[in-house]
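Next up: the structures, one after another.
Consider the two complexes below, in which subunit A is the common component and subunit B and subunit C are the respective partners.
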Partner chain A sequence: MNRAFTLRRARFVMLCLLPGVAFVAVFTYYPMIRGAVIAFQRYNLFDVTATPFAGLENFRAVLAEERFWTALRNTGTWVALSLFFQFFLGFGLALLLRRHFPGRALYQAWVFFPWAMSGFLIGLLWRWMFNGQFGVVNDLLLKAGLIDERIGFLATPGWAMTSVIVANIWYGVTFFAIMITAALQSVPGELYEAAAVDGASRTRRFWHVTLPHIRPTLALIVLLRVIWILNFPDLIYSMTGGGPAGGTDIITTFLIQQVIGGDYGRAGAVGLLVLGLLLSFSVFYLNATRFERAR
Partner chain B sequence: MRRVAALAATAAKAVVLAAWLLVTLFPLYWIVVTSLKPKPEIFSVPLRYWPASPTLEHYAELFSFADFGTYLLNSLVVSLVAAAVVTVVGALGGYTLARFAFPGRGALVLAFLVTQMIPLFIALGPLYLLMSDLGLLNRLAGLMVVYVAMLVPFATIIMRGFYERVPVALEEAAQVDGASRLVAMVRVVIPVMLPGIAATFVFAFVQCWNELFLAITFIDSEDSKTVPVAMNSFITQYDIDWGSMAAATVVSVVPTLVLFAVIRRFIVEGLTAGAVKG
Partner chain C sequence: MRKPVLTALPAVAAVATLVLASCGSGGQPGSGEVRLRMIESLTGPERTKLIKSLIADFERANPGVTVELVSPPLDSADQKITQILQTKKGLDVLEVRDHTAKSFSNNGWLAELPTTDWPGWSDLTELARKKAVEVGGKPYLIPYGFYQRTLFYRTDFGMAGPPATWQELYESGRRMTSGDRFGYSFRGGKGGADYAVMMISAYNGEALNPEKSFYLKDKRTIFSTPEAAQALDLFVKIFKDASPPDSVSWGYPEMVQGFTSGVTGMLIQDPEVIKTVEESGVTAWATAPIPKGPTGYAYQPVGYAGWGVTSFSEHQKQAVALVRFLSEAKQSIAFAKGNSLIPISTRAQDDPQFSQGAWKAYLQAQQDPKQVITIRPVDYPGWSQFLVDSDRDVQALITGKKTTAEVLAAWDAFWADQAKKVS
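Right, the complex of A and B next:
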């Protein structure tokens, strides 16, 4: 009786899990594993009759490319600057939204709107706004007297990077604001009452009560965000296509160009390098923040 | 004195909040205005911040010169079917993960979480080969299948969270009354979770609606294009018809805006559920 029951249970569990596991195994894990294998083969989409084992040839070819290193440097700039401004502006916004005021829910709904758009559309939107001739950003800067003549934002390497980062900041601030608002709400009110009884000022309460309490959450949000920004070629793809001359290429737009070019061997190698980068960053970061907490 | 200071602080806060709202909404405003300007007005200086002679010609072009009706229908079908399948598969898997302890459960959750960290386009090449082997290139069914695979881990994990909030006693009561586990799940648990299920469905729908890289890799025949694929082909190296592009942007973003407004509360919950633990 009991045995039959557990058998029935096991069958139920397996039946319920089977569809999801099957989809993920076939269309996610299998291609990833095959990609890792292809990275060590000579594999060009336009000649799949011969796919010999190539050892580290693809990796050597990628690492010898100037464009790969530019993309890697750009990835650092892209992630660091986007993250920095998204975090601090988002934190500021969260602090302003912390106390209730009339219309707060409506306000949150409105500033939430970039989240309904895809990175692709946001890239297009800002590509038009940063247009060198008819772009509204140039127009506003001219009107404000900040520049004397129009700037070809997306045609000049330094400006192009600045432009895509501005677009990304615009997109990401709300995410941080929402996450940090939730984190702030998780701080128990009694802690503040106790601190107030002890005569702590508002600034002191922030540094000694709020911040320590939400620190682990902040650490996790930042980690998720770094991974996400790194994996976010959509915006750059539609805004500049990685140009001018690779000036806004990041590692993931570089990867997509390899796939479009049909050299799957190299694409596989870049994929593994991206994976290595993600993993080593996560491990390094988790260790660093754990150290912080233990201290 | 103190009241004056407090008043000044409130005013400063209001100004900052208003400024940010302006920054957030201006790009949307600008794309709408662009879509309503006749072509010569879009490409002329000085810029006008309100169309001198508003027109719907760009919207009309989308459906006459481009086959935007087909693209919209394709996007709608793919997103609806994929989101429905994802929701059902996620509901089944999430239930099992929430209610049963079995060997390998932790490993399974981890395997699902890992896919959320690694973007699917990392394996774009091999995925293309697989789709080609299965005869799924240039077919909406192919996109549906890949989208389901892409979203199942998220749906399963978020559903598990929703189930965990439904008291087990509720189900047990139904089972004592003689209902089987599946019947108990459908009749008792599902109604309680309806808002969460709706949110999962909408979220999946929007993800499919917006997806670009997989779609441009697998689809290039006119009659199977989804909206992002079609818009991507509007981009040529040196020239973009910004009037049509603006109109297409507005048309493709309106459905997601409406849906997100409806389930905003649940999205916030979903986003924060994983990361924030009190």
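Right, the complex of A and C next:
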């Protein structure tokens, strides 16, 4: 350390940081804070010339709505089931992708493709595939003799949730596959050789070499995915619009409906509630995984 | 490497200035050139092309004026326009839709369009002139065309003629329904409540106040009457006995697809569907005015959008000239044709496209005094909220989670409360 951290140098560093900080402040923090403030205002798009502060009125109104609680319950189902299947199918796919075969790089790129598509567009595609009258899913099931009568997938409450989750699983598997493939490639090959020499079986190698190595990465991907799945109303919105009768509403589609209804105040309140929910989940989750590592 | 800061700072400042400058309005002082910025809302590739060609005509007729058209994607266009309007900068001409007109004018973003010194005004149909001043009593926009619903029906599905009433529609629909074929393209998804309201209105008959179409002439809401319950019961029956079960989630594309693919025999939709049906494989079809209620009335609003000028435009004169140009007979008829809209010009009646074939049903409806055009309470603060809530209620109703009485009670309470807020 021969270069002293002088005041002048500190000033220079600050100046270099300034544009970045300013950018983030203007385009990230300002809208966020503004959104949070709106949550405490009576802010209806119908007339934005009068937006008095209303205390906790918006929160009270949102929490008093039965739809909010339905959406919250649905959010749990949506996140848990989507995550579960995305994770395990993605993991399986990653293990397959680890093997060497000709054209693997190209194949990996193809596998990743759905992830690059817009969620809204994917929703529209699945909406047609699940259509009760002209949908290809019904057609295939009929031709395979698995059903006798067309199913209105998006029109029946139970099926609608299943359908949007299936679409989401299809969409998210590839993300897990690619992330886990990358993690697997970081496990040093010597460890496997050493384990093999010691006579460890395939399963044992997986449990005692692979898994401990990629665990931190897995923990992080799962956290990210929980946040993303919860913040991913695109699919549901374009497939069912939250219907039938709120059967597939999750908290973020509920938020969109508040925005479309013009009540930005309530929408802001829902936004803050989502933020609180995710924050507490993250804290809880990170604590839990730290415990894992300490062990 | 002595003072990199001194060179870096001006560079950052220069970039920032450039970025900010490009955000501002385009008028360049001194050059005599006027640049108008215009934004559309119902963006579509064909439509944008048409608007651009009309703009090119305008630019040729007005040397020294150029128009830059901004075409945001349809789904978020109105939000984007609202954001731009909030900054009160950099926009001269804009597309105003029936449901944005009130909030735009309430917030003082729209300029009043002078009509007295404009010969084109008297060329507009009565409806166009009425809709131009619908919000706030002043012409804040000139409509460019209208959407109104009409009944599409298959002539080869065993119907002697189009159903004249909702009861007839139900009966013909039920007869048609068997196996994979259904009577009616029901809308249970987004926008479904609109059809329920259409039926409830028709059943209320003469008592309804067309100027405030969710209310009766005696100020009660249209949802409070026994006729409303009859209408909504029939609405549910049409779904259960004459429509595909899947239509719980049907929106615009599924309804149209249902009709053009031969799954359903009847469809109630806007004029742009005429084009779609013509291009589909269906050949045996016709149109008719929408069905009526038991006392012979049918009510429906007319959807519209138009062009307006911002209150903060720096080139009011040229912006107004552009709106006028677009609203004159030749341009407006071309625009209505291109977009399958009911035209705003009285001269369109001479045009064969609008007086023959599928379009004839519109003419028929216009001439029938009991096919009444209504004004929906779009200027009430709860309007947008109702659109979201009522669609959900309709789904709950047809899936048996709510009863007719519960839905009507909720709607009645909502609009009775809204009446208090406005008066």
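Rule of thumb we're sticking to: the second predicted complex is superposed on the first by the 271 of 295 C-alpha atoms of A that agree within 3 Å, B and C clash if a C-alpha of one lies under 4 Å from a C-alpha of the other, contacts with A are read in each partner's own complex, and residues count from 1 in each chain.
We take it that contacts are C-beta pairs under 8 Å (C-beta built on N, C-alpha and C of every residue); 3 or more make two chains touch, one makes a residue touch a chain.
Since this is a predicted model, take the numbers as computed values, not measurements.
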item: Clash or fit (per the criteria above) of subunit B with subunit C on subunit A; value: clash
item: Partner chain in contact with A:Leu72 - subunit B first, subunit C second, else both or neither; value: neither
item: A:Leu121 touches, of subunit B and subunit C: first, second, both or neither?; value: first
item: Partner chain(s) touched by A:Ala61 [first = subunit B, second = subunit C, both, neither]; value: neither
item: A:Val111 touches, of subunit B and subunit C: first, second, both or neither?; value: first
item: Residue contacts with subunit A in the superposition, subunit B compared against subunit C; value: B
item: Touched partner set for A:Ala245, first subunit B, second subunit C, both or neither; value: second
item: Which of subunit B and subunit C A:Pro19 touches, first, second, both or neither; value: both
item: Touched partner set for A:Phe134, first subunit B, second subunit C, both or neither; value: both
item: Subunit B versus subunit C as contact partner of A:Val222, first or second or both or neither; value: neither
item: Touching partner for A:Leu275 - first (subunit B), second (subunit C), both, neither; value: first
item: Subunit C-contacting residues of subunit A that also contact subunit B; value: 12, 16, 19, 45, 120, 131, 133-134
item: Subunit B-facing residues of subunit A, complex; value: 9-10, 12-13, 16-17, 19-21, 23-24, 26-32, 34-35, 38, 43, 45, 92-93, 96-97, 107-121, 124-129, 131, 133-134, 136, 139, 170, 173-175, 178-179, 182-183, 186, 188, 217, 220-221, 224, 227, 231, 233-234, 237-238, 252, 255-256, 259, 264, 267-268, 271, 274-275, 278, 282
item: List of subunit B residues in touch with subunit A within their complex; value: 13, 16-17, 20-21, 23-25, 27-28, 30-31, 34, 42-47, 89-90, 92-93, 95-96, 100, 102, 108, 111-112, 115, 117-130, 145-146, 148-150, 152-153, 156, 181-182, 206, 210-213, 217, 228, 231-232, 235, 240, 242, 245-246, 249, 252-253, 256-257, 259-261, 264, 267-268, 271-272, 275-278
item: Subunit C contact footprint on subunit A (complex, rising order); value: 12, 15-16, 19, 44-49, 67, 120, 131-134, 150, 152, 154-157, 160, 240-246, 257, 260-263
item: Subunit A partner contacts - residues on subunit C that touch it in the complex; value: 4-5, 8-9, 12, 75, 82, 86, 102-103, 106-108, 180, 188-190, 244-249, 251, 254, 257-258, 261, 263, 381, 383-385, 387-389, 391-393, 395-396, 399, 401-402
